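Please find one structure pasted underneath; my questions will follow.
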Amino acid sequence: MDKRIPSLAEAVADIPDGATVMIGGFGGSGAPIELIHALIDRCLATGSPRDLTVINNNSGNGHVGIAALIEQGMVRKMVCSFPRSADPRVFTEKYLAGEIGLELVPQGTLAERIRAGGAGIPAFYTLTAYGTDLAQGKPVAEFEGRQYVQERWLKADVALIKAELGDHHGNLTYRMAARNFSPLMAMAAARTIVQVTQVVAPGCIDPEHVVTPGIFVDGVVEVANPAQEEALNRANAVYPEVQA
Amino acid sequence: MTTRLSNAQIAWRAAQDIADGAYVNLGIGFPEMVARFQPPGRQAVFHTENGVLGFGEAPPAGQEDWDLINAGKKAITLNPGAAFFHHADSFAMVRGGHLDVAILGAYQVAQNGDLANWSTGPRGVPAVGGAMDLVHGAKRVAVLTDHVTKDGMPKLVESCTLPLTGVRCVTRVYTSLAVVDIENDHFVLREKLPAISLDELQAVTGARLHVDGEIADLIVPEL
Amino acid sequence: MTTRLSNAQIAWRAAQDIADGAYVNLGIGFPEMVARFQPPGRQAVFHTENGVLGFGEAPPAGQEDWDLINAGKKAITLNPGAAFFHHADSFAMVRGGHLDVAILGAYQVAQNGDLANWSTGPRGVPAVGGAMDLVHGAKRVAVLTDHVTKDGMPKLVESCTLPLTGVRCVTRVYTSLAVVDIENDHFVLREKLPAISLDELQAVTGARLHVDGEIADLIVPEL
Amino acid sequence: MDKRIPSLAEAVADIPDGATVMIGGFGGSGAPIELIHALIDRCLATGSPRDLTVINNNSGNGHVGIAALIEQGMVRKMVCSFPRSADPRVFTEKYLAGEIGLELVPQGTLAERIRAGGAGIPAFYTLTAYGTDLAQGKPVAEFEGRQYVQERWLKADVALIKAELGDHHGNLTYRMAARNFSPLMAMAAARTIVQVTQVVAPGCIDPEHVVTPGIFVDGVVEVANPAQEEALNRANAVYPEVQA
């Protein structure tokens, strides 16, 4: 078994128009910038994919990563908990112009819905959002004297995530708080593509330290020195770079 | 000429349908034998409910580590690329449809795919383990079984009379006499031992065996 | 004489109520200041939604690692005994009632404990983050806030007019003028600045302030 | 913060009669034998605790660990998926005599119910057990054309678990497949007591390798050379040892 993919372009080649795409990361931490930019490159070259539904905690910052994906007009709808950032202009302008949809989900409910999608749990109950606007239209049930909101699983066609080590079987480790949503998204997508800082042979990751077992991973592509969204934004980076 | 496959031979036949790199859960007991018969060049990744992916053969006697066991509480070893995880993650793999195939034993299989394999009735201590999870989790649920019970009663039946493990979950049955698919609430005969006629097979089967195209010979090495 | 506490002073007062070893989540912004004012000999363990328990102060400028941030996307450091985990485990800690206290900001708090702190209405881009999870997770949910809005309107009210974050979730409010508990659908005044009278405080509070025993002086160091 | 407990006796001192106790382990792997035996010692000395409801995947093997707990008459009811073992006599005889209760739960549902208890999810839906005797009396709902069974969370007063390393904050690692239910039980119990092979100072466990964060743990007691249930049973051990 060998889940290695030789290039970023091949890693994102099969994502169709209209796909639902989970993208790992919380703000810039764990954002798979290179995979996202490869998707933009493909769209610039071929006109596809477009009309994406993107699931991420946020909605992009500055003009790189998810913000660049939105800026290219590739995203129809965002599903996120906090569509704000230091520089949220790209999403904000499209949202206020009615050019992009938004499903706002409390952060813990977003995480649990994604896990539920991966774990075969079509619905669960939570206190979160009970009695608020974000529970409108959702079934409510009482357990042990308290009212809970029914929430549904969230699945995706593809997950694009970033990890630290990845072996040929797709076993993954993460780096610090860059872990965040990625292990859940890997479970919940029909196809999970991972950019890793280093590809290693099976057996190089201690079985005790595997965070995402390879069963949840379909492809691994090495990006040895991944960009940090925060650093790119501090340098006022724009993707794709404007040609001089 | 072979008139009835041994358990090892049934397991061998099932192993031929497992692709390289497939994620597989083998039920406790006889289905565990499937791991021995992977065709050359193929390596499946075996999952055990108690939190191991990528385990290998049993260790030599005396070298067991009793923290490293499978769902049958037998000592195992690890292959390179193995991973440990807790029970909720283990059953997220199962329930979430991440296993390619689960191979289980059966008391009865019905023509609509219903499976009974956990209880023979109200006497004794009931025990279910992970069977009810596995039957609704794996992308493909296959059963290994003798074609008939020790008393000669059919195990492939119109509808199960024993308590169900799951409804409409089995898609293929490997028996001591045949390979039978379940499609649209019917048994469809795919392979049978050359030594047995279709009528003879039908006579020991508790529901109609449909034929859809060629019936291949079920040919298995001596084991 | 102090007539109004600064944000730092409100945070200081809240910090005095956090026990050694408590597991604490501090909301983005002003509540984050609480971490600076832990009394000597006490060390709380701080939780951030994005998967870190046991983080420490901000690193010096230029030494940030942007894989190590808090929920406000600010760079942090680790204390000994820290742990990383994914978002579902992080919110299992929250939703499962494992945090001892969550300290949040507020637009409005109602006398029944309802909190509004995520939306000022239908204009602009709505954003909720983890607030709705936190208010129903921690064993104790406290609010830090100015006693009144910038326009002088009460933030402690009979019932919230802004969109709710959670119902009946707040148990204590630390304001720029007072410390108020919420008990049985009432505001109960516990402490107030010595410089302000009960009548003056009531005049800037949008619901009846009940008194149950002594009202202590709210005394906070210059910060 | 220091969650160390100096002795096994102190570790189990506060468990009251009638408590619901989750006990880690799958068969013998991960079974906290010393904690269980300390509980038996306490009961022999003081007559308490009794009437326990014990949640574990199995129902004991031979005459040590959970089997010994049952043999002492301390257990009113077992909640488990597979109340059988190589030598299940102790449970079997009491069960057939009507002296002990049994709630039989499919293994994955048992794991998920415990996680739900720890994660504040009062109920969830699963395909598991739909249409079987084990779903009788449980609500059923349809999602996306399929029928699912509603299952409820499972919580406990106390969890007794076994881990490998534990620091003063209660951060834990496990050893191989001994992990199984223990991380979930640590989340789902009001009080979680852990026997660890080695207590270490905070900072000795890499934050990336912590499996159970200390927030889920209340007490840690060192048992440097823990017994393996399987080895005890192969030696025909009985607890408490019969005095010669």
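Just so it is clear, A, B, C and D label the chains in written order, and each chain counts residues from 1 on its own.
Everything that follows uses one rule, which is that a contact is a pair of C-beta atoms (placed from the backbone, for glycine too) under 8 Å apart; a residue touches a chain by one contact, two chains touch by 3 or more.
As the structure is a prediction and not an experimental result, all values here were calculated from the model.
Listed here as common contacts of chain C and chain D: A. Annotation of chain A and chain D: jointly contacted by B, C, touch as defined at the top.
Here A-B and B-D were compared by C-beta pairs in contact; the pair with more is B-D. Between chain B and chain C the centroid-to-centroid distance comes to 56 Å (mean Cα coordinates, whole Å).
The mean-CA centres of chain A and chain B are about 36 angstrom from one another, to the nearest whole unit. Between chain A and chain C the centroid-to-centroid distance comes to 30 Å (mean Cα coordinates, whole Å). Shown for chain B are the residues that touch two or more other chains, namely 52, 84-85, 88, 91, 94-95, 136-137. Under the contact definition stated at the top, the residues of chain A that touch 2 or more other chains are 112, 115, 119-121, 126-127, 174-176, 207-208.
Viewed as a network of touching protein chains, the structure does not reduce to a path, ring, star or complete graph.
Contacts between chains, counted with the stated touch criterion, involve the pairs A-B, A-C, A-D, B-D, C-D.
Across the interface of their complex, chain C is touched by residues 1, 115, 117-121, 167-169, 171, 187, 201-203, 205, 207-208, 210, 213-216 of chain D. Residues of chain B touching chain D in their complex: 48-52, 64-69, 73, 84-88, 90-91, 94-95, 114, 119, 124-133, 136-137, 163-167. Touching chain B in their complex are the following residues of chain D: 26-30, 57, 81-86, 88, 91-92, 95-96, 102, 104-112, 114-115, 126-134, 174-184, 211, 228-231.
If you check the complex, the residues on chain A that touch chain D are 112, 116, 119-127, 141, 143-144, 146, 148, 152, 173-176, 207-209. Of all residues in chain B, those touching chain A in their complex are 20-21, 23, 43, 45, 47, 52-54, 78-85, 88-89, 91-99, 136-137.
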